[in-house]
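Below you will find the structure I want to go over with you.
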Amino acid sequence: MKKILNDPESYVDEMLDGLCAAHPEFYRLVGEDKRAVARATPGAEGKVGIVTGGGSGHLPVFTGYVGPGLLDACAIGQVFASPSAEQMADAIRAADRGAGVLRLYGNYGGDVMNFDMAGDLVEMDDIETTTVLLADDVASAPPEEADKRRGVAGMVYAFKIAGAAAEAGKDLTDVTRIAQKAADACRSVGAALSPCTVPQAGKPTFEIAEDEMEMGMGIHGEPGVWRDKLKPADEIAEEMMDRLLADIEVASGDRVSIMVNSLGATPPEELYILYRIVKKRLDGAGADIVMPLVGRYATSMEMAGVSFTLCKLDEELEGYLKAPCDCAFWTVK
Amino acid sequence: MIGVDDLRAAAARLKDAMEQEFDALNAADGKLGDGDLGVTMRSGAREVAARTDQMPDDDFGMALMNAAQAFTKVSSSSYGTLLATGLMAAAKETRGKASVEPSKVAALIAAARDKMMARGKAELGNKTVLDSLHAMVGALEGADDPAAAAVTACRDAQQAFRDKPAQIGRARIFAEKSVGMDDPGMLAMTRIVEAVTGRK
Amino acid sequence: MKKILNDPESYVDEMLDGLCAAHPEFYRLVGEDKRAVARATPGAEGKVGIVTGGGSGHLPVFTGYVGPGLLDACAIGQVFASPSAEQMADAIRAADRGAGVLRLYGNYGGDVMNFDMAGDLVEMDDIETTTVLLADDVASAPPEEADKRRGVAGMVYAFKIAGAAAEAGKDLTDVTRIAQKAADACRSVGAALSPCTVPQAGKPTFEIAEDEMEMGMGIHGEPGVWRDKLKPADEIAEEMMDRLLADIEVASGDRVSIMVNSLGATPPEELYILYRIVKKRLDGAGADIVMPLVGRYATSMEMAGVSFTLCKLDEELEGYLKAPCDCAFWTVK
Amino acid sequence: MIGVDDLRAAAARLKDAMEQEFDALNAADGKLGDGDLGVTMRSGAREVAARTDQMPDDDFGMALMNAAQAFTKVSSSSYGTLLATGLMAAAKETRGKASVEPSKVAALIAAARDKMMARGKAELGNKTVLDSLHAMVGALEGADDPAAAAVTACRDAQQAFRDKPAQIGRARIFAEKSVGMDDPGMLAMTRIVEAVTGRK
């Protein structure tokens, strides 16, 4: 797969420049390194701040979700690499409106260590912080080791729900509780068809034959649960739903949201073909589908493949999921 | 006594070594992880060496802090962040002192090990850089030639863990494949200690 | 590039089923063949209807843009193939709210003939129709033969602007005039990096070497103006802007919108890298950029590449461009 | 006189011919266009043949209309739409009549040609199916053996235009390359006329 870029070293900086130039109404670069993005118009004084952070190459994740009803700020590393603790501290400081800041991000070793260190750094600024980690990828560890799971597209639900709670004026304890509830309610599984290329590496993240797919592969090419011939869409969707429903109970009358997410190159046409089976399975379980999200919500640049994320709702989560939000990639009215 | 000038000389040796080990460390990490450990160490060591001028002559702790910040600035991978964490812990213990007695080095490494353990939430025995540090702490206790003892401890630990499965980080998902392979972080620590002690 | 599908013959029907199942609040299948999509909630009685149509494989174009403030209905053919006149007539009938219907679509031979024929068919139902064709691709014919140009992403601006005018209660003559003004105000140019696969054909639409790109290539793989080595992002952007600005005058003080559109696989990261140069060029010309659109607005499934569309605004067009609209792919508040 | 039963027989022959010519027509169209002309003609001819039962015995015009609708239903490519347009024009001229005099066929083809010209906005001489139709109209004027004259006219026109550049449709962008190649639509019309007249 070919890429449109200049110097690979400047890929992320140029991307951020373009993003902020195109959407100055949403995004503003902050921090010494200009590797933190904050809302163009900060949240109200006294609002709990929400920050995230992680490697680049996943737009709209992470940076794209900075905006009203969503995140307050985000630290951005090189492609697929953690930002530094200092950059995260910049994001935390930008997010702080005097009511504390929730760090809400995916469970990856480097990110966790750096966000912890960033927490230490901002303690000196008297900013109170809490942490909620997304660990929604069921293919990355068995249920007994659920805390070791990777965080993937489930973070979009967590951003949305926690963002709405913060916007509604909840305090840090409450926003943290609600974010944790949202994180706990999400289960994801992905299937990869073709890799992407990290600009600085210059070669694909993994190799896979023209007629193969890998079930459960991670968004950076981490190994999955099986690799085999590419199957028909309906079979892929059935297996992915099997894996989600084996990990979280969905009973008659439950209210759930479901995301059918392209990892990048896979077009929406194919997502909608998959959605037929997703809906059939949830209808079959007697669940009510709320606000299904079909599109590119968490990607790996030009990787081909899909992920499904199931988010089991209670009244509180559903209310925040449906609340308004705005950013360059997602508007809920 | 070990002073700030010794630290500067060690930083210069570390930089040279990490330029040399760039490919080898990337390759070791690439077998199980994302292949960036050479990048982490080379950029970190370059940045530390570039900042030795700013190390205050009369504060060993501040000098170590300076090295820690070099790592947080340029290498935010797991290893870079852990090293920075360890350096900060040692910096805290030596703040305000112009030099350090060789007999106190074991305690500084122990402090680093503990903070890194807290930071990375790994345990001793998980086949990580922590096990190299832990081996050094033990070996330095009453050693005649602390530098030689540290190098030997790192090499021995690396070998002792070779046939165990990885239990942490990216390598965990390849646990079985990792049996028989050096942990890249332990390998890197051997090279670091060889370089800073000048005992190759 | 690999595709997720079942039987290639049913690709479009399954895609439409999934689309309507996921977004019943926006889309409804109508017509005997179920190959026309209409608004779930029809426009107000007496509102001018707007229909479009064309081949599948371009989501959000065409079907996706059915919704309040946008289109009323759309006829959809197989991938890259015209819908039938009868299917277009179904769409026109669904769009009709008693005030006539504008046919607003891209200049492709088969589509034009069928839409003309569809107009004849609905004459019997006493539905008055008008036509505005998009012919915005500057690479497809020289200015002297501008009427022979292909219609590409410019149609998104035309849908938006005409849709807002119709929603505002303008009559058929006025909506047609405004749509024609929007169509005339648009110029597009594309560059392709890799092909896509039409499911029924099973093989890529064209072949191109791993290190090549084609400037000016059409969205179905129609030949462009040159094929050469892949260039750095900034050079690509400069040349594309050169071609647009050579075809339409942009002077100091002009107000323009610009779309930086991915043809599918190209990720938003790369669009933002390109946007830096787009903005530099328009700033350099002294133009004011209004509501830049950066993303996937008109695609060719998993094709890699980009297109730029410049839309030169006057007060009337700008007002309608900024008016609210809603569909599953695009919300303007 | 040509009646609805003749039309039914012609439809059956057309279907057989188009099954046979499927690959050849796709290939001819594939050289300059999107390679679907065989698809268009085979699905259209199949659908016409499948509907001959519904052709009313006493209305040649309605029978032609029936054939036209078959094409609009299943083949909405340029060629399918043009053929449907031409058939509708001929249908209009013969509505209510049970049969058609052979001497009137030229006028029907002329009507089809004109409506197709209006629909496709191409001109005579642009190297399209219109030029085949136009040649037939001329050749049928006072011909002794109208069927043979029509076939010859199509073949001759196809050849006469071979060395001219395409000026319309997808092939236009390949105008230079098209010199020396048959227009696929003209080729298809030759095959159609051979089949419906039964003069191969």
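We call the chains A, B, C and D, going by the order they appear; numbering starts again at 1 in every chain.
The working rule: a contact is a pair of C-beta atoms (placed from the backbone, for glycine too) under 8 Å apart; a residue touches a chain by one contact, two chains touch by 3 or more.
Just so we're on the same page, UniProt names per chain: A, C = DhaK_1 protein; B, D = DhaL protein.
None of the values given here were measured: they were computed from a predicted structure.
Separation of chain A (DhaK_1 protein) from chain D (DhaL protein) in touch steps, taking the shortest path, is 2.
With respect to chain C (DhaK_1 protein), maximal separation of chain centres occurs for B (centres as means of Cα atoms).
Per-chain Cα centroids separate chain B (DhaL protein) from chain D (DhaL protein) by 82 Å.
Centroid to centroid, with C-alpha atoms defining each point, chain C (DhaK_1 protein) and chain D (DhaL protein) lie 33 Å apart.
Separation between the centroids of chain B (DhaL protein) and chain C (DhaK_1 protein), computed from CA atoms only, is 57 Å. One finds 29 Å separating the Cα centroids of chain A (DhaK_1 protein) and chain C (DhaK_1 protein).
Shared interface positions of chain A (DhaK_1 protein), defined as residues touching 2 or more other chains, are absent.
Residues of chain B (DhaL protein) in contact with at least two other chains: none. In terms of inter-chain touching, the protein chains here are arranged end to end in an open line.
Pairwise, the chains that make contact are A-B, A-C, C-D.
Across the complex, chain A (DhaK_1 protein) is touched by residues 34, 36, 72-74, 76-78, 81-82, 84-85, 119-121, 168-170, 172-174 of chain B (DhaL protein).
Residues 1-6, 11, 14-19, 21-23, 56-57, 59-60, 64, 193-194, 210-211, 213, 230, 232-234, 236, 260, 264-276, 279, 292, 294-296, 299, 301-302, 304, 306, 326, 328-329, 331, 333 of chain A (DhaK_1 protein) are the ones touching chain C (DhaK_1 protein) in the complex.
Chain C (DhaK_1 protein) contributes residues 77, 80-87, 109-110, 112-114, 116-117, 140, 148, 220, 222-223 to its touches with chain D (DhaL protein) in the complex.
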